Amino acid sequence: MHQLAVIGAGRIGKIHAANAWAHPAVAVKYVTDPIVDAAEELASSVGAQVAAFEDVIADPSIAGIVVASSTDTHLDFSIRAIEAGKAVFCEKPIDLDLAKARSAAPILGAAGSRLFVGFNRRFDPHFARLHERLLAGEMGALETLHIISHDPAPPPIAYVRLSGGLFRDMAIHDCDMARWLLGEEPTEVFAAGACLVDPAIGEAGDIDTAKTMLRTQSGKICVISNSRRSGYGYDQRIEAFCSGGMLRAGNVRTSMVESWDEGGARIDPPQNFFLDRYADAYRAEMAHFADLLSGNTRPLVEYRDGIWALAIAEAAMESHRGGGPVRIQY
Amino acid sequence: MHQLAVIGAGRIGKIHAANAWAHPAVAVKYVTDPIVDAAEELASSVGAQVAAFEDVIADPSIAGIVVASSTDTHLDFSIRAIEAGKAVFCEKPIDLDLAKARSAAPILGAAGSRLFVGFNRRFDPHFARLHERLLAGEMGALETLHIISHDPAPPPIAYVRLSGGLFRDMAIHDCDMARWLLGEEPTEVFAAGACLVDPAIGEAGDIDTAKTMLRTQSGKICVISNSRRSGYGYDQRIEAFCSGGMLRAGNVRTSMVESWDEGGARIDPPQNFFLDRYADAYRAEMAHFADLLSGNTRPLVEYRDGIWALAIAEAAMESHRGGGPVRIQY
Amino acid sequence: MHQLAVIGAGRIGKIHAANAWAHPAVAVKYVTDPIVDAAEELASSVGAQVAAFEDVIADPSIAGIVVASSTDTHLDFSIRAIEAGKAVFCEKPIDLDLAKARSAAPILGAAGSRLFVGFNRRFDPHFARLHERLLAGEMGALETLHIISHDPAPPPIAYVRLSGGLFRDMAIHDCDMARWLLGEEPTEVFAAGACLVDPAIGEAGDIDTAKTMLRTQSGKICVISNSRRSGYGYDQRIEAFCSGGMLRAGNVRTSMVESWDEGGARIDPPQNFFLDRYADAYRAEMAHFADLLSGNTRPLVEYRDGIWALAIAEAAMESHRGGGPVRIQY
Amino acid sequence: MHQLAVIGAGRIGKIHAANAWAHPAVAVKYVTDPIVDAAEELASSVGAQVAAFEDVIADPSIAGIVVASSTDTHLDFSIRAIEAGKAVFCEKPIDLDLAKARSAAPILGAAGSRLFVGFNRRFDPHFARLHERLLAGEMGALETLHIISHDPAPPPIAYVRLSGGLFRDMAIHDCDMARWLLGEEPTEVFAAGACLVDPAIGEAGDIDTAKTMLRTQSGKICVISNSRRSGYGYDQRIEAFCSGGMLRAGNVRTSMVESWDEGGARIDPPQNFFLDRYADAYRAEMAHFADLLSGNTRPLVEYRDGIWALAIAEAAMESHRGGGPVRIQY
């Protein structure tokens, strides 16, 4: 039984703690959070104790650290945990500042670093199956890729202000998916953003709608569509156009019930909340982290993946602002 | 160019006349109908003349007769036309009276008789494709069959009164489809009917809802579901359960447009009117009749098919009335 | 925390034990099974002890008994547990012998009896949603009902021999679903069975294919389709034809991935194994049992539901054997 | 009955001639084509005569001219026919040279000019229904638009050489659709093209794959995806993301038949050939032209629409070549 500490008792910390609790090979020993009540509540629900981060990394029985704290602390906690010899499961993004994130390369990017970056969508069973079939070459060679990633409804403006902007907060997931599915690094990006959903998002200096086009060295093209509001639940689809046909992953519906009347059919909508939509993915992430702790695997998503996704997101932001295409550099 | 006469200028006569007009190998020379205005109107729209049935069959230039008159005249017109040496395309049913229909065997059922009975659904491209794949054994041997055949909305009560009842008017199509798809004659029928849609149909002595179960000698089972009112358009589906899997034909939708909002998706309904749903089938029937006139084919649906479908429908009606299973006899 | 004992450490006992373990309000204290190794293994996985049934019911700390043993012991264990004042979660069927099952009425059917019969499909979220919308009258009044319930592949012949036959082993689920959805007791049944899948099933005295037609007092009609082998996974669908349209629940697919090539689309199949297909339903059953133990609910499926489902299944078997319709009596 | 002349007896000329023949309000009097055999064959199939263009426009009985000749002659024939007072149904594009096409404005773009430009997709019933629902505001205000337009397989290289390139030959349809659906002129385009399908297309100086991004003054964004080869039939889909949800039009399948086996479902592919996919659209175009001839309508697609679509296509080509976004000018 690998002992874990969960850093951060917010929404995502709770998910990881519950998944750790349910996994036979790991247990949560500590929970840390600046809000003591939240830490206490989460700790008691999974049979853990509240502790300070310093004590957690000083405890030699702790094998793994789950960094689920606020984004601006991800990098610091990860570095200190890695330096203390722990394996780390760090929520995305590593940091909102690419230069700062890059500067951690000697530690987080070192050969043998056990840093697992939590890009959960790679662990979604639907996307994982698409990836597997794509790699197996079932439809031939990939040519172009469409990723649709629209949230059900915009987050609170307070969240928007701290989010780092649509590209680094939201599109970063899709930038990672694009790299993973393209099997090749994008070299150029062109992004068109707009504030069409909520003027308050524009007033907060952000956009709520974007189409991002990536090109790779070999000429593959990827289009990412982002919106902060779909109006019909979580719209998360992928279409991979290949030399032999197309592979696609559709939305997961809340139920398989339909009704038919004179207006036609009504079909239940896609799942509405990312914690429902990606419940299986979060479970699979924890299972992967348990495997990492057991020495059975390398991290499937590493420091360099975190940097790349951030570099693409930043380049997209720059393209959106400058109005022209931007070269992507790792 | 084969010259035809269309007997009956009602709804279905118009369809056949228009399809004949559009087909390069046939032309409509005459239209007959007791309602002279209707006959005139149809004749003028396809460049034909109005004539009496006697004159039609006396005209040696007439190669084929399309019997689209009222049901009670189908048998008589068909016999006289066959006796006059014409090929006949007779709308279903041959007659509502099985004994009477059987008595025409020496003429209509004679070897070489060119009587084509218009069971249009066999000519629908979707059902034809299912049939073809079923026969090719793509899914292995057929075991059981489900036929759903629900009308959008009940016909007028005046129609119900003259219809011969749900089994002979409506289920007869499905009895023919069952024989065609089973590839074997049903030997026993059990039918449960009810008046659930409209009490006026019950008052007219008929039912509006029925489930009919057919069994063949070898043990195959077919379930037919009929309703005079679906509430969502023409529900016409088939599922064929086979040793290797299932083949099915779904409904044809009025458009491929969908909308998605917070209630989920709305999908356009199935086509609502049989003349729309089976427009292709009626065209294919006329093309088949043209082939028959050209000597390139035998009728794909013959007198004996008309008798069998009627015999099954009558046995179903008897089962419904008696409450127990009934053996089917040709 | 309600203490439970799980009687039977087989496939379904393991499911219930795991669900109890994961549920915050219940814990498994004991596991019993004549095969000691199986009992030990299951007990250790959920932190329970192995015990004899007598000791289990003698322990006043035990609040609930999960009867997941072999079918022929369901009734006896349930009676003894109820007599000992325990709440019981009994796997279906109560017994294969209707007369014997009926004789337990004074105990199991007593007012206030806390016997929950595990008809899992009522707890499936898709069917539950269909039921809820049906009851809410969203599509008007129910007229007829189609239940398709085909297993992926036949069970071993050894299982078939002890199963009580297709109607009491397999169709019994659908008989319960029919009652639940019809909202009315079926009064008559007509069933046609056949051995089309595997001759060995016929040699074992059973059938592998059946179509069962139920009628209620008010004239509603239900058709149940059963097959021991679909060839394409677990085919579990419901269509409810109502005065205002149709409600249906479709199959749950293993993934939302599709591929498109010149042959058309390939879509991933329905789930293949009942423990996967109904994983959510089993979890919801345990949650319901926890509510029952907490005094927050009456059993949603009671002794009389178990008897009714069995009575319908037996009448269907009798109809199949006798060849005619059979009246159903509670 | 309006008398027409069909200029060009190739593939598309045949379609328009046949549709004219089948339409009650128009008749084909003349067919012209430099290949006399082709002209003769088409003329005889619709009861027309072969004639020279000069004679055709000199005949005062001719009300309408269908220009279905080779692209480089569209503009000249249209101008001469309009000058002769005829109504013109001109196949797209007006010309491959934007400057030359613009120079025809005084004649073709004059107020009252009866030039109908044949952008057939606007007449497809599925897209027309999407357009109608979009305009009705059913899903709120349009924000972004995705148009997927992939051909089944590449055309012959000889065709590619004369085509004007992917943007002016293929994407031009989608540029017109974008304008029609956006309800606003695109002001900027960014296009990324590649030769991924067939190196021979690259050697011929063209591309076979492109993603084109359009922006409008108000900030709406449209993405067009083009490929010369889908591998699975004609992929023609639209998704309109709106403030209240999404409207989309899916592919039209060749049949509604599906098969299910252990590998899952197989669904028949989209239609493979544009003449099948758009058969209804071509019929509707001719009906619209008949209405125009009867004085009941203005052309739904005019000279300025032809110019705009070409201007966008040219700007896209320039963007692809230059690597940056390009402003679009009418």
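Order as written gives the chain letters A, B, C and D; numbering starts at 1 within each chain.
In this section, a residue touches a chain if its C-beta (ideal position, glycine included) is under 8 Å from a C-beta of that chain, and two chains touch if they have at least 3 such contacts.
Only a predicted model underlies this, so the values are computations on that prediction, with no experimental measurement involved.
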item: Rotation angle (°) superposing Cα atoms of chain B on chain C, nearest 5; value: 180
item: Remotest chain, chain C as reference, centres from CA atoms; value: D
item: Selected interface, A-D versus A-B, where C-beta contact pairs are more numerous; value: A-D
item: Chain centre separation in whole Å, for chain D relative to chain A (CA means); value: 42
item: Rounded Å distance, chain A centre to chain B centre (Cα mean); value: 58
item: Residue list for chain C, restricted to those that touch at least two other chains; value: 139, 230-232, 244-246, 260-262, 268
item: Chain A-facing residues of chain C, complex; value: 22, 125-126, 129-130, 133, 138-139, 244-252, 255-262, 268
item: Residues on chain C engaged by chain B in the complex (per definition of touch); value: 139-140, 143-144, 146, 150, 190, 192, 194-197, 209, 211, 213, 215, 219-221, 223, 225, 227, 230-232, 235, 241-246, 323-325
item: Interface residues, chain A side, partner chain B - complex; value: 230-233, 253-254, 260-269
